[in-house]
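Consider the two complexes below, in which chain A is the common component and chain B and chain C are the respective partners.
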Partner chain A sequence: MSSDSSSTSGDEFTNPNPNSTSKSLEDQFASAALTEPDNEPPEIQESPNGVVNGSVGENNHGEIESNEREGAVGSNLEARQSARWRRTNSEVEVEAPSSPSSSGYAGERGSSSASGSSVGFEMMSGGIGGGDDVEIQEVSNVDSIQDSQASWVPGKRHVDEDDASLSWRKRKKHFFILSNSGKPIYSRYGDEHKLAGFSATLQAIISFVENGGDRVKLVRAGNHQVVFLVKGPIYLVCISCTEEPYESLRGQLELIYGQMLLILTKSVNRCFEKNPKFDMTPLLGGTDVVFSSLIHSFSWNPATFLHAYTCLPLAYATRQAAGAILQDVADSGVLFAILMCKHKVISLVGAQKASLHPDDMLLLANFVMSSESFRTSESFSPICLPRYNPMAFLYAYVHYLDVDTYLMLLTTSSDAFYHLKDCRIRIEMVLLRSNVLSEVQRSMLDGGMHVEDLPTDPLPRSGTLSPHLGQPRDSLESFREPFVGIGGPAGLWHFMYRSIFLDQYVSSEFSPPINSPRKQKRLYRAYQNLYASMHDKGIGPHKTQFRRDENYVLLCWATQDFELYAAFDPLADKAVAIKTCNRVCQWVKDVENEIFLLGASPFSW
Partner chain B sequence: MASRRRMLLKVIILGDSGVGKTSLMNQYVNRKFSNQYKATIGADFLTKEVQFEDRQFTLQIWDTAGQERFQSLGVAFYRGADCCVLVYDVNVMKSFDNLNNWREEFLIQASPSDPENFPFVVLGNKIDVDSGNSRVVSEKKAKAWCASKGNIPYFETSAKEGFNVEAAFQCIAKNALKNEPEEEIYLPDTIDVVGRQQQRSSGCEC
Partner chain C sequence: MGMSAATTAAEGIKFCIFDLRRGQQEGQELDKILFFFPADLPFSAQLSVIGLSEGLITFTRIFSPAAACEVIEAERHSHVFYEAEPDIWMVMVVEKNESEAIWRIDALRKVLKEVHSLFLMFHGSIRTLIEKEPAGGLIRSHLYPFIMDYLSACQKRSLLDNCCWDFLLGKKLQLPSFRDCLKERGTVQMLTVSREAAIEVQSLVRVLESFAGNTQFYSLILFQDLLVSTTLSPVDTINLFTYAVLRLTPRALSSGVSSWSYLRKGSTTSNVATGSILAQSASVSEQNFRSQDTSPPGGVNSHHIARPLQPDRWSKGKDGFLVTDIWGAEASGSTSATPTIWLQQTEERVYVCAYQYRSLTLILLVPVASILNGEQGVLVVKQQILENASLKMFQIEEKLSKGWAGENAYHVSGYRYLLVDGDRDVSRASPPGKVTTLTKESLLALSKVREEVDLEKGRMEHDNAGQEKDLEVCIRAKNNAWVIARITKGKELYMVLEKANETVLYASDAVEKFSNRYCNGAFSLD
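Showing the complex of A and B:
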């Protein structure tokens, strides 16, 4: 980007002048270049070993991707029909609204029937890395080709395994929840009861250290990390050989704990106070899918480490129209009204002064999307937003407006079902009348920002000329620099932009060469490492970071307004990459009306 | 519904070192016996599935070390136990005398809600040794002690020959079932709109 200052300067607080920021990025790198050797510090380079291991496990990701696509196309008709049919019956179902005594989840434990199917490649690439592994990996690669066609199967895998199984021991990433008496509550793989002995061992380790007035946070054993998180009477443990940073794994345990609270609230602590023998598993009955889906999202959803949410790109007026009707019902006693499409927000509104944390949104959306029962009827379920109030339940009215789009109305009143149903009918009518739902469908098909469309040097900022997301992409004069064959200009492959004030991020669509699920997962892992090192309390926080390894050039730039993460071709030129990042920031500014939810009251304070 | 639910029972095995706790476990879980003595370090953890009155139980067995130097582990290990098995050697008077200490120590450290009725089981092990000729604790004496402590069920076992081991553990499952707490309705609070003001100020940092 040229450093001429032709563009108008915006509000310094919400609209930092892109030219001034671009200068500062280049300046920062200019000075950094003097002190930094070209080779990155070893600890941030992925070892070749890790790359090989990582690449195999990535197949998991493919499954959800393809699941989403298939879900959108294949089951569309059927789901709608059944939804319509169920809707006429809904009053009957509601006669007995789910009481707070249930976990609020209608599924059955049996829904984890997918257990037998072998989708777990992670085991194949198990951390030992001996000669055997090579062979196994080849096998699993073959599997992955088939499996990536199939859907990601929700629910628990490999229930038949226990800690004596070789396959169980080879899995790359385990998650456990147990009580402080050592009783198993949840295990990602294997049957909890069969793992009772293993669970007891984990408790013994934690309790032994606690007895000495200390706390165990991390144990490294070879290339495995064992991460512990103690939350009162609940212990959470991750055992991983994925080489993710400790902070990331710990963050994932926090989210799993949050997911548990979302289902049960912190009142479970009281059960343990009254009765240390308390067995929590029945309370979580049927929620295996919720946890496995959350764990799966650790490898494809950047919201899990960015602690921000993302919006579906929509014309400003369209989002405004959705927001207006949500605001309307929020004024009638609804605490939060949220309209989402898959994991992307269309609009959301909170009652006066109520604020919603992005992590709560992530956990709520995961809960709703992973529970099949929400798709087929309108539901009213007690849920807890752990960042809002971990102690108590709210009630969520959930209704799917189409296959991917769902409305959530949260209230404090347990008998508000009929009121919320009326609200939903009103909202649905307005959304249909103002074409919001068809715009949502269109946006889903068009996708968001594509690196190939990154505009060249900023045009004069008169709205019409700046590239708009809503326009068909071929009408854009997309500029491609000659030196790259694939990706965007200057070898830009992908970027993520996180707005600090908005609590939102935008991520570019995946383009070649990041076009396979495994490459996408690998890139997310790389971003996650980058994020962790940028926010490292010991050596950070940092303002900029530039890494080059055999996979990418990664660039991160953090200001008090935003964080930008960008991935380039590993041969990309540093100076050009930096200029390109400035252009990305400019681009995001230009289209912020469409990619972000602006002026959403819940976040603005 | 509730009756079909599998139950997990945490079972703690206590007793002097060398009375055969680990051997009993091995006989029970793996149907194996070894004459060689191998001291347990800290604790061993075993899992055994048991069927009792058409209910499935998983016994999570905490085989603890008998040596005194491991006693400090107590609080952590005993927490949330469903049953405690006290083992002594019928050929060693001291191991029988110590049962009282083990029982009291357990009740202090585990502090169960109803200590009077906490389910214990007492096992007199090694009845096979020397065809019973070296025996120093009579069955009568042992049973009398058990009766005085609230009718603790008593079994004479031989880990070596596998005698009575199965029956002893069936009894553990039975006791746990008897002691099963009333299913309480899980009913957390609902957010109080009035109280929300407070919660926000303390809880929401975003």
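Showing the complex of A and C:
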């Protein structure tokens, strides 16, 4: 049967057997590539494994199909072509794609019932156009850029390079995805097609070791590390001289793999079972931005190694108000309702028992934020949460409420668009009425915890909540005065606090002297090393660590409830630094109502 | 039967040396292999190890031209690389398992460095021997016995270190594992001497130098297994010290006699009778090598090849000089030839005269070029030692013995430590018997911390930043032990404190006290 379908066109997609798994994704992809995306949407009941079950009761799509994906592939190829066009041309000339649909990814007929509507379902259209090439990779001088997050533009860099270019070889951190037959799928730098030979070499290394009954994990050469990760038919490789520990780089490869699953689900494996020489690049066409933005976050977002998410600081009541309305929606058949501001969570609600892994949140937020099209119109897009169910698609309704704040409603039902749109309208109204959105914007301006604000007296704070994280606003300026440019008391420069039970972390704002992106990245890497050292697989986790080098004094304190990571001036006094850490913990506890999302399950509320 | 035992024992490790300049033609790959252990591994398997190694050397040079592949970590094995000489690579493949086979890569690489340094000292560079006989027979016939002897020495030495005489253990190759994290290979251990004794040692050294006339002699003096004085360069000191502790010091001599003698009973061929599995597999594979050898039969093998690391070949003569027949007999046949070695620093060949009085071992190195009449000249020097130096040695030995507190002399109670002075290549550590009291968890944690420090040190080296690493790591492990590493001004201190108080301040206090009392405050904060 599968051989039949491999030659079919889009019209024959209809598979009478809803549970059939004989028809591989690949076949569908292959044939879908030939079809016009705006055909009548086919109803395919291809069920990867039918794991997503109905917390949505009436949903006969509990078994998630991948038909949306097919629709996308046709345009994918176009996207791919336009991407290639772009790469062969000077990058300055690149502009946004002519029409969203030409580069749309999963686009146009996101759900059968809604496909006819004029609502722009397209996503990823920004994927191609977003990549003005700004040289701010590690290779170049980062110091000149004030805020790496703000000025960083996602997108593929240096597409004209390949493994023969000296500049390519000197890039500090490469990421590759390839298939087990050695076909390139993704490369951070350079054109995948030109890297076919290089890809084959990576594949040869992996399979050579495999043939010897072993599995290669890491190769070290001078300051370079080559890290390998094998995920079924997908191979991931990182080549880096960034001094990050092996565990971090491996974790980053896991996330990249997760990001790929988020776009395609694990059922893509079947394509390789069918045809080992399957070319996966078209399926990921236009998603360069998603990967490049994820890779960028490896150098500034602690969530990538802490495996926790962070919240936007908000008054308890404000967050509760947001949570309440999200809960209302969740009760009406939404699997997850997430309100976020950039990479910070405002509130988050899941249907009974459904819980969201912080890594999935990271990948989802990255996917949404890196794709320009989500910003311009409400979207409905199939996505997979790899930690929730790697085999199945969910559907994400995404809408930006303001420039940084966006709402994501996740469902198992592919035809829930209008319902979710209604939900969003209700949510938006409530948020506006209760001033949540303005509070969010104020919080964005105020920032989070500043080390300069660390309360000096060890006495417990008074019961009443102060307007800003336990610190009276008006006294702030004078309070900060003595520490200008030297961080907080006792030489405290920065800290991160991770609550084990909440899966959340809070990190202080960067203040001088950690004020340039380069310094921030260096500190970030120092934390990564500290984290890896504390969490050694064989003997960890350790309880305490004090570490001093020419750059910092770092302290880590790990208990069953929390982990604290703190960075001090390298000349900081040990005893005072330890006391300061205790005060930081106390401070975090004092303001936990504002910085954490507590009792995420609203039934307790 | 012996063979199968050998293979099972050696299963965990592969060790090879290959030359990337050889065997470039297809079908001639075997030519690359200069040494392979275990030698009875099928050639296809040998080539597979070398193929992977070569492939990764080439691959990593794409990104890191200056420093190619150093290690491959796979799930079940670690492959440790060392480029001993340009294009001549040593690769050791060790198996990992959960219980004991947990390695620190740098410690393994130091094994490779050590075996190569010793080889240089005795035979000169590998490349020179290859060039002397391009077919490769010469270098192979030198490397094979040398490394096999080294590995069996490796066996024995670690047994000694553990003060353990169970010879069943000896069947397994004892490579440095996490349990050896409070040791540093490639360093010398010094005896702390009183001021008074130091002056006498100085005067002895001056007397020895006076024998030389216008040329220069070098000397190395050891008390037990500890260095008292050296006039050699650091690199030559390390090599000769390592060799002396392996083969020349009283303990090395006596362990050979007492331990192996009963095994020899009833045996005719001394080579096999060492009882060492490695020696057995050595003899097997020597044949292997012969058959593989492309050089004309007899050409190479008729040549006498000294095996300086062969165990139990040194003994103490009646006159106090240590003698061996390793370097063959003199032409006359009556006495043994005096050993010679290469000094790396001065690139000269020197005679080795070792004289021993009780615990004191004196090694006098006489440049071959400075003596015109060969062995005769050596005899003259020996006579001079007996006449002019021996009395001083008696006095020094007496003085040092009086001040010597025995095996646990450098134990500091409550501490388990390793102190390395990288500038002088000197280390001192808690006695092995005391280190064994530590729990496995503590040792693993320290080994891991050392690995982190190794990486940081490596980065400093690669970056050529020129600045010295200053680092302090203090970890409270899961088992409540404090695991500490301090690097400052070229000195390193590693420490494990079990049963210690829980605050970081307590731990750093302990380091401070130790530093002030035993390290001249090198690790103190002010």
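Please note the rule applied: the second predicted complex is superposed on the first by the 425 of 605 C-alpha atoms of A that agree within 3 Å, B and C clash if a C-alpha of one lies under 4 Å from a C-alpha of the other, contacts with A are read in each partner's own complex, and residues count from 1 in each chain.
Rule of thumb we're sticking to: a residue touches a chain if its C-beta (ideal position, glycine included) is under 8 Å from a C-beta of that chain, and two chains touch if they have at least 3 such contacts.
Keep in mind that what you see is a predicted model, and the values were worked out from it rather than measured.
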Using the touch definition from the top, say if A:Phe208 reaches chain B (first), chain C (second), both or neither.
both
Does chain B (first) or chain C (second) touch A:Glu550, or do both, or does neither?
second
Check the residue A:Ser414 against both partner chains and state whether it touches chain B (first), chain C (second), both, or neither.
first
Applying the touch criterion given at the start, work out whether A:His224 contacts chain B, chain C, both or neither, answering first, second, both or neither.
second
Name the contact category of A:Lys574: first (chain B only), second (chain C only), both, or neither.
second
Using the touch definition from the top, say if A:Lys183 reaches chain B (first), chain C (second), both or neither.
first
Does chain B (first) or chain C (second) touch A:Leu394, or do both, or does neither?
first
If touched residues of chain A are counted for chain B and for chain C, the larger one:
B
So chain A touches chain B in one structure and chain C in the other; where do those two contact lists coincide?
201, 204, 208
Can you check the complex and tell me which residues of chain C touch chain A?
48, 51-52, 55-56, 59-64, 66-77, 102, 441, 444-445, 448-449, 452, 458-459, 462-463, 467, 469-478, 480, 503-505, 507-508
Contact footprint of chain B on chain A as seen in their complex
100-101, 103, 162, 179-184, 193-201, 203-204, 207-208, 210-211, 264-268, 271, 274-279, 281-283, 353-355, 357-358, 382, 384, 387-395, 412-414, 503, 603
Within their complex, chain B touches chain A through residues 2, 5-8, 10, 42-43, 45-47, 49, 58-62, 72-73, 75-77, 79-82, 110, 112-113, 181, 184-193, 196, 199-200, 203-204, 206
Given the complex with chain C, which residues does chain A contribute to the contact?
163, 169, 201, 204-205, 208-209, 212-224, 226, 239, 241, 243, 246, 529, 533, 536, 538-550, 555, 574-575, 578
